[in-house]
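You will see two complexes here that share chain A, one where it goes with chain B and one where it goes with chain C.
Our next item is the complex of A and B:
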């Protein structure tokens, strides 16, 4: 292939990737409507166990979506996103249990605080790239993990209990019932997904993808690349913190383990399984991951062994992820 | 004052252990551009293999000699049969390879737990190195001094090998210009796999050396490897001399935090890393030039 043709091909490929997510094409509308109806009707025709699984999938999916914004769209692979998952959980735990604030104050304050912290951390981390970025995000999360174990006023390694679920008595229901909590998580996940979809289909999102594809090109086009990366880092952190809040409400509990290294790895794995830089990818990945994990804990105690092997196989042979594979199959057919 | 001196020696001892791990990590990164997150796995592997040998032969020295062989083979196989082909097929970037080794780290911890359970083990200190010796007004365990001596000996040997021998020259050339080395008729894939194996063997060696002073358990490698990452980043990724100095800095920070400020014990090292990243994102010794 001549240089000229190769250049053209690259240009075309870049242009394709810069196109916003297909917005209102009919198959997508049908897909979304079916999905939404199915999810709303779910608790009435499956077992209680399946409903809790669905809740876990959605929470994990929100967490992985946060990672996807940073890793899939902006191209920054982080192994420290669990710190924001943990900060979200600890945020509302501290707000409600220690400061005595109601949940509707604690939750937004938590998100604002996480965004601020993440912007500061992001400003430091995004000075590096590639494996150095991966290592420094890991170091930051280990630092928070260490702090959470040491701090006595958050009960150290025992963690904090008694995290409240939202008070839905106005609607005449109690969030303590699994089905109601399911709808609450569904609503929050849908909102998070909507927010994410708006972000990645906005010009801001296109710039993030541009940074992923060629940082120097974006820089020479005059974009303040550093600020965009910090912005992406902070937004991703907020989405992860939302997952952290849901997670701690789901278990009524938060502990330093939610910030562990392995937790960050699990999030990255979900993104890879589902397909990075596809908006629904993390949810598909989360579904596969949660089901596989449940199945594994039924068969064996050696979760680490199988988690490790599963992780290696996915990274080595399944790079595009489920939705990536589906997309490229559709692409081939056209 | 005596307490202080003991802490200094403890710090140096920890630094040397971390350095043994950091050597492999930084050599592998410098040469192959692969961040081996599974480096801690080789530490665990060496310790357990050493434990098996020590149990069967009753000799610490045999364990020290043979223990690193398993991680050597494992490292060679990992690079030659898994990482290298994946990289060559262009399927994976070096970030993917890093994630793959992340899986390997947990798989190894899980496998070890499956075989040996989650109990804590230890290798007995050899008779020659038992006891304490008087030193500058304090009594210090002989074995810990032995660890310090081994660390310094290996650092010196490496500097000599890399600066003064043909093998070292080939390595340095490999870092600078891979294609040129290949053109000179050197099978770079084998060389890389050997270096990978050697770095893993050093990590395994560190595992055996650490066994008499630390416990052997299935996830022992996961904890120490994060400290090692801090060392290689502070020292500048791929910089051998830098990682020696950085080992000392990190080892000292960690030991002193534990001894004098136990509240910050778990995050003093990371705070150090963050300060370094703010002022010198390329590492403290990044400008010194890569040795390998």
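Our next item is the complex of A and C:
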């Protein structure tokens, strides 16, 4: 090894030493490593049904994370985020099944189109607040839902089929296998989560939190809050659209139901259950939501009644959601 | 050129004339108080100056540039900052986070979407300096909702100072504070740069006399009198309308 190479190696080692893991964060790091290992190994030790359930949880988690950026971090409660879930699904269906584009072209084009549509809708919706914002987002969502039902070229209420999964033949595997698709969804979810984490810990993220806390104060600090709210709306929409793409690949199908207001409502429920304003909250909420719903479906046809009771209990005893409560308990202990 | 100039300002809410034909010129570096009984139009005047409410007619110039109504953010960018009568803080954040958000408003980092807030060390340093200036450095990592009322008032002023304004409007900064907190706040405000123009609305005359050089008395939306402390103290109209014999 040359002297220069040895010097660079030592320099890299020294730089790594400058990045210690703070003592207080060690439990989180251990938890993260355990969780990551567990998720990677999951298909090896659980049934195919459990793998399918995990895929559903991750897709719902990505969708709820998009809602969390808008609701939890920016303080804008929307009942229309399912329109972007649906637009993601329809975008990929139109690109691949209707226009014959490859997936790697259709997916980014879909996300750019969704971001553009969301920015335009956001410019209108973010002029309102509170209940008005909730209702105007619901109105836009219902508009797209209605269009999806009426349009012939999207097969109306029958929806569109033939949505391909990614071609992973280069890796010697097929995404049609549940385990491979699980890893694909896990990778995309991890990327979405990483992206969200970077956003919320950035100055842009802190401005969104400031807007949630006091929009007037942020304006008097010198922030043009309208453009930040539109930015948050568009980013949240893109994340929801990613979930929509995954959902349509999972079922090879997209229908107007993916844009229904019930779907938006379920997303908001996941955020509330898991904990708004906490980065992993929506995933925890999605896990609880999907598993409890599945379990109740097996027991009774009236699962909505029991899920309603369950939701009320969570709201009553876990203010701030499950992770929000855990965080505040840890905070009190310290 | 005046730091702040108000020309023939009028404001009416329906049939109620809150401010009528108000003219005011505040030179750079002056500490100017606006006093008057409740309902005299002081807070409305502040809201119009800072772009929160449009005037019915008239003009406001900040360093010679007209205020763009409906855009308080642009008023702040024009060099005028304000603290509020009722605390308007980012309650669930810490003192440092509040100040960091305030400091980054004029920093290119405000457009950053993927880099961590902490990586902009100059913004963090500026936020720490602002805390130190207002004696909040010992509560930097405390959540705002854990602060005393006096500390919250100090933070209000600290946030208003973060954009490094040329003109600072303070709406009753000492309201609701204890005598000790008030004395501390006076000391802190008097310690600010002499180049900073201050426009203060305050009911506590001890605070007004301790901070300001020039006082304007507002009554029913009109300037009753403008003058130095001594002139205002001895003005019979002001004594009758507002001060009473105690402060004369």
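Basically, the second predicted complex is superposed on the first by the 293 of 334 C-alpha atoms of A that agree within 3 Å, B and C clash if a C-alpha of one lies under 4 Å from a C-alpha of the other, contacts with A are read in each partner's own complex, and residues count from 1 in each chain.
Here is the rule we use: contacts are C-beta pairs under 8 Å (C-beta built on N, C-alpha and C of every residue); 3 or more make two chains touch, one makes a residue touch a chain.
Remember, it's a predicted structure, so these values are computed and weren't measured experimentally.
> Who does A:220 touch here: chain B (first), chain C (second), both, or neither?
Once the two structures are laid over each other on A, A:220 reaches chain C alone.
> Determine, under the contact definition given at the top, whether A:207 touches first (chain B), second (chain C), both, or neither.
After superposing on A, A:207 lies in contact with chain C but is clear of chain B.
> Given the touch rule stated above, what does A:305 touch, chain B (first), chain C (second), both, or neither?
first
> With both complexes overlaid on chain A, does A:142 touch chain B (first), chain C (second), both or neither?
A:142 contacts chain B only, not chain C.
> Regarding the shared-chain residue A:134, is it in contact with chain B (first), chain C (second), both, or neither?
first
> Would you sort A:79 into first (chain B), second (chain C), both or neither based on which partner it touches?
After superposition on chain A, A:79 lies in contact with chain B alone.
> By residue count, which of the two partners contacts chain A more extensively, chain B or chain C?
Greater contact footprint in residues on chain A: B.
> Just to be sure I read the superposition right, which of the two partners does A:199 touch: chain B = first, chain C = second, or both, or neither?
Touch partner of A:199: chain C, not chain B.
> Once the two structures are fitted together, what part of chain A is touched by chain B and by chain C alike?
Common interface on chain A, chain B vs chain C: nothing in common.
> Mind pulling up the chain A residues that touch chain B in the complex?
Touch residues, chain A against chain B: 77, 79, 124-125, 127-128, 130-132, 134-136, 138-140, 142-143, 145-147, 149-150, 261-262, 265, 268, 272, 302-312, 315-316, 319.
> Along chain C, where are the residues that touch chain A in the complex?
That would be residues 50, 72-73, 76-77, 81-82, 84, 88-93, 97, 100-102, 104-107, 109-117, 120, 123, 159-160, 162-163 of chain C.
> Could you please specify the touching residues of chain B with respect to chain A in the complex?
Those residues of chain B that touch chain A are 29, 35, 82, 86, 91-92, 94-96, 98-100, 102-111, 113-114, 219, 222, 226, 229-230, 233, 237, 263-267, 270-271, 273-274, 277-278, 281.
> Can you check the complex and tell me which residues of chain A touch chain C?
198-199, 201-207, 209-210, 213-214, 216-225
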